[in-house]
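You will see two complexes here that share chain A, one where it goes with chain B and one where it goes with chain C.
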Partner chain A sequence: MTRTNYTIALMGNPNTGKSTLFNVLTGLRQHTGNWPGKTVIRAEGEFAHRGATYRIVDLPGTYSLYSNSADEEVARDFLLFERPDLTIVVVDATALERNLNLALQVLEITGRVIVAVNLMDEAKKKGILINSKKLENKLGVPVVPISARNKEGIDKLMNTVDAMVRGRIKTNPLSIQYSPEIEQAISKLMPNIRETVGDAYPARWIALRLLDGDTSLLAALKQPPQRDTKEEGAYACCGSVESI
Partner chain B sequence: MAERNDCPLSRMKQGDRFRIANIAIPDPVLRRRLLDLGFVPGGEIEVGQKSPLGDPTAYRVRGTTIALRKEESNYIYGERINND
Partner chain C sequence: MLAADRSNRFDRLLEEAQTLTPADTREQIVTAIFQTSAALCRECVTHRHNVKRDRTEQIDRIVTSKRWGFPIMLALLAAVLYMTIAGANVFSDSLARLFGTVETYLTMAFQAIHAPDWLHGLIVLGLYRGTAAVVSVMLPPMAIFFPLFALLENYGYLPRVAFNMDRLFKKTGAHGKQSLTMAMGFGCNAAAIMSTRIIESPRERMLAILTNNFVPCNGRWPTLILLSSLFMAAGYTGGWNTLVTAAVVVAMVLFGIIVTLAVSWILSKTALRGIPTHYTLELPPYRRPKIMETIIRATLDKSLYVLKRAVTVAAPAAILTWVLGNVHVGDTTVLAYLADGLDPFAKVLGLDGYILLAFILGLPANEIVFPILLMGYLSAGALTEVDGLSSLKQILLDHGWTWLTALNMMLFSLLHYPCGTTLVNIYKETKSVKWTFVAFALPTAIAIMVTFATAQLARWLGLV
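Right, the complex of A and B next:
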C-alpha cells in the first residue's frame, strides 16, 4: 500500500522568502484563515507531484521554537502535535548563521527535514558562496539551494520531497551535544518522559525544554491544541508531565 | 561574571563595534529571546543609530538590524572592539 497524501510544514525565519516558496509551490490552490484561538494567520495549500498530493502549511516566520510568542507556539505545536510527514526549513543564504539556529532547533524535534537555502541569487550578488554539499553532510539532512523568486531549484526541491516521503532518502540529523552535566540530566529524564508521554514525542527535546524551565510546553502537552483523532492515545497520558 | 574591562552594550556610541561576553538578563524568557535574535556570547555587534529620544538604539547583529531598549542593552556585557 502506498500513500499518496502527505503533509508538509514550511518553516523559517521572518523574511526568508518562505511565503514566496509557498506561493510558487501551490499557485492559487491555497486558503488562509486563523489558527484556532490565536491571531496568527494560517495559510495552507496543495500541490501535486509525481502522483502524490501534498498539503503544505505555511507556518509563521520565527527565529526560534522556544515560544516567546504566539507565532512560535503555533510553529512548535504544529511540529509536535500534527507531526507533518516532512518539514521544509527555509533559510536565508545571505544570513545563514542566524538562520541555522531555527534549523538546528527543528532537527532536535524531527529528522524528517529538508533545508531549502533560499535567496541564492541575493547571496551570489553579495559574493557569498554556499557549499550545500558540506552543509548537507554537517546537518545530516538534504540541503537544496533555491531561489524561490526566480523559480530556481524548485524541481530539485520537489524531487527531494518525493524521494524523502517515499523513504528513498534516509536522514541522520545532527544532534547537538551539550555539556556533560546537561547530557547527564537529559539521560536521567528521558526514561520518565518516554513513560509519561509515550514515543509520540521527541523525548530528548522535551527533556531539554524541561531543563530550560519551559512552562508553555508543559501547558501544551497537558492540553494539546486541536489535532487529528488518530493521536488520541498519545495524549491521554500526558496529565502527569509535571511530576517528572 | 563580567570581566574587569567588560561594560554594558548600552554605553557604546554609534559606529562602535562590540563583542558580547555575557548576557546577564535575569528574565530567562527575555534572555532566550535575545539569544535567538543573535545576541550570543562571542558575537559581534555594530552600534547603529539611536532613536531621537535616545532609546531604543539600533544594533546590527549577524546581518540584521535589531533595536533594543536600555532595559535590555544594560544587561549585555562585553568589550569594545578597536577598529584600528
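Right, the complex of A and C next:
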C-alpha cells in the first residue's frame, strides 16, 4: 500500500517569503508582512497534489540551528523529532550566500530537502543571475527557482515534492568539510554516538553540536519531546519594532 | 534503553567531546559553513553590472571599515551637532524676544481687567514664562538636530553604526544587536526598550535594557547641547566656540557609549554571566530619502512630539513650581526649603539643591528637567526675563554656576535613572520589579559616583 499522507516542513531565514509560499500552497491567509519574524508561532495547513495529502508546517524564520533562541530550537526540534517527510528550505535569491548558511545546516540533519530559491523576480531586477542547475548539482538536492509572490515555479515545486516523496528522486546532500582538527574529533565521536542514539538521529551533526558544547540539544535528546504536540505561543515576541 | 542510562551515556559523550574540542570550535564551524556558502555562490551566481548595488557596497567598504568606521561616525555626529549649535543660537534669541514681547502684552491685558496679582503671577510669571522658556530654549536645537538625524537614519546609516559597534559589544559579552537598540536609544529610550525584543536570549536582552539609558535621548539632547554651548566653550569665539561646544557633546556621547560597554562587560562577568550568541546583521541598501518629506516629518513629528510632551508635563510642573516657590513656610518658600535640604548632598556632586530637585521632579520626562530648574531659579527671586541665551547664562551664573556645575549636570543627565515612561516599559518587558529597580538604581549610582569623582577631582586640583 502506498502512503498518501506526508508532512512537509517549511524553513528559511526570516523574511524570505516562507509564509507567502505557505499561503500559495495551502490557499490559507497566514498573515504576511515585509519584516523579519512575522511568523511567531508555527502555522499548519494542508494541500492535495496528485492524490496525496500534505500537511505543511510553516516554521519560524531562523538564521541557524544553533539553539540561540527559542525559535531556532523549535525549528531544530521539529526536524529532529518530528522528522518531516520533506523539508523545503526557502532561500532569498537576492541574498543567496547568507541564506545558504541555513540550507547547509539543514542538509547536515536531513537529506530529504528541496531548496526553493524565492524572490527570483527581485533578483532579476537587481541583475543577479542564479544557475540553479549548477547549484542543484553542488548541493545534491533539488533546487527550484520560484517567485511565491507571483505564483511562479509553484507547479514545478509541487511536482518535485511529489517525485521526492514517492522516491523517484534520490538525493546526495553536500557535506561540509571542516578543519582537520574538527573532522578528526568527529570521527572519534561518531561510533559512540551511533551506539547511543542509533540511526534515528544524524550522528555527524550531533557530533558537531557536542563539540560545540550545545547543551540545549543534549537536553532535548535526553528527553525527546512528545511527537505531534502543539506548542503554545510562549515564544511569540517578535513584533515589529516601532520606529521613532 | 532506560532513560537514566541513556542520559548518562549522553553526559559521557559530552565529556568526551569537550576533551576533543579545540578552543575556537564555534569559530571554525561557522567559518567552514560560511566558506562553503561563499564558494557555492561564486560558482552559481553571476552579477550583471548594477550601479546601485555596487554603490552601497563601495560606501559600506569605507564606512564600516576598521580604520574609517569610527572616525566617520564621530565626524558625522560632530557635523550634525555643529550645525545644530550654530543654527540654534540665532533662532533662540529671536524666539525669546518674541515671547518677551507677547509677555508684555499679556501683562498689560491682565492689568486692564484688574486681575489679582496672584493670578498674574500664576498664569503669566509661572505658566507662560515657564512654557516660553522651554520653547525658546529647546525648540531651535530640536528643529535643526532632529531633521539632520532623520536624514542620516533614512539614508540607512544607523545599521552601519550598529555594525561598527557590534565588534565592541561582542567583546564585552553582550549581543551585537545591542548596538542596534543603543542606536534607537539616541531617539527615545522608552522605544528602545521595546526594541530589545529583537534580542532573543533573555540574558543579553537584560544587558541591553539595563544599559540603554546611557545614550542621550531626544529629551536630553537639548540639555546637553544647551549647557555645552553656554559653559564649555566660554574662552573661544566665533566658529571655534561652536566647534568646541560640538566636541564636548560628542565627548559626552562617547562617554555614554563607554559606560554602556563597561557596564555590559561588568554585568556579563557577574550578575548576567554568559557567552554572546551569533547572529547576522542585515545592512539594507542605502536609499536616498525624500529629503523635504523627511525634514518636514522630523520637524513636525519629533520636535513637536517632544515639545508637546515637554509643555504638557512642564505646564503643570510650572504651576507646581510656581506654587512651591510662592508658598511660604516661616520665612522661606517650600521650594527653597526642599532645595536647601538637598543642597549639601548636591554640592558634594558639584551640583546644587535646585538641580537635584529638578531631576527628581523631572522623573516623568527628561524634557522638563531643565525647564523646572529654570523656573526654580526664577521663582527664587531672580526676576529677570529669559530673553535669549546670554541672560539665561546670567541667571545660572547668579546661582553660583561654574563650568563644573554645567559639566556635572550634563554627566548626571547622561547617566541618571531613565524617565518614568522608560521605567514603565522596562517593567512591562521584564515583568520584574527587581530588574526594574536595578534599571533605576544602577544608572543613578553610576551618575552619583561619576559626578562625585569629577567634583572632588576638580576641587582637589584647584580648577574651581
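Just so it is clear, the second predicted complex is superposed on the first by the 215 of 244 C-alpha atoms of A that agree within 3 Å, B and C clash if a C-alpha of one lies under 4 Å from a C-alpha of the other, contacts with A are read in each partner's own complex, and residues count from 1 in each chain.
The definition used in the following text is that contacts are C-beta pairs under 8 Å (C-beta built on N, C-alpha and C of every residue); 3 or more make two chains touch, one makes a residue touch a chain.
Computed from a predicted structure; not experimentally measured.
Engineer: Is the arrangement of chain B and chain C around the shared chain A a clash or a fit after superposition?
Structural biologist: In the arrangement built by aligning on chain A, the partners chain C and chain B clash.
Engineer: Of the two partners chain B and chain C, indicate the one touching more residues belonging to chain A.
Structural biologist: Counted on chain A, the partner with more touching residues turns out to be C.
Engineer: Determine, under the contact definition given at the top, whether A:Asn23 touches first (chain B), second (chain C), both, or neither.
Structural biologist: neither
Engineer: Does chain B (first) or chain C (second) touch A:Ile130, or do both, or does neither?
Structural biologist: In the superposition, A:Ile130 touches chain C alone.
Engineer: Determine, under the contact definition given at the top, whether A:Lys138 touches first (chain B), second (chain C), both, or neither.
Structural biologist: Touch status of A:Lys138: second partner only.
Engineer: What is the contact status of A:Tyr66 with respect to chain B (first) and chain C (second): first, second, both, or neither?
Structural biologist: both
Engineer: Could you look at A:Lys222 and tell me whether it touches chain B, chain C, both or neither (first, second, both, neither)?
Structural biologist: Once the two structures are laid over each other on A, A:Lys222 reaches chain C alone.
Engineer: So, does A:Thr171 touch the first partner chain B, the second partner chain C, both, or neither?
Structural biologist: neither
Engineer: Please work out whether A:Asn101 is in contact with chain B alone, chain C alone, both, or neither, and reply first, second, both or neither.
Structural biologist: After superposition on chain A, A:Asn101 lies in contact with both partners, chain B and chain C.
Engineer: To test your reading of the overlay: chain C has the stretches 9-17, 279-287 or 351-359, and exactly one clashes with chain B. Name it.
Structural biologist: With the two structures superposed, the offending stretch of chain C is 279-287.
Engineer: Please identify the positions on chain A that touch both chain B and chain C, taking each partner from its own complex.
Structural biologist: 63-64, 66, 68, 97-98, 101, 212-213
Engineer: In their complex, what parts of chain A are in touch with chain B?
Structural biologist: Touching chain B: residues 63-64, 66, 68, 94-95, 97-98, 101, 212-213 of chain A.
Engineer: Give the list of chain C residues in touch with chain A in this complex.
Structural biologist: 3, 6-7, 9-11, 13-14, 16-18, 20-22, 25-26, 28-29, 32-34, 36-38, 40-41, 43-50, 52-53, 184, 187-188, 191-192, 194-195, 197-198, 200-201, 277-280, 302
Engineer: So in the complex, which bits of chain B are touching chain A?
Structural biologist: 28-29, 32-33, 36-38, 61-64
Engineer: Touching chain C in the complex: which residues of chain A?
Structural biologist: 13, 37, 63-64, 66, 68-72, 96-98, 100-101, 104-105, 126-132, 134-135, 138-139, 174, 176-179, 181-182, 184-185, 188-189, 192-193, 196, 207-208, 210-213, 215, 218, 221-223, 237-239, 241-242, 244
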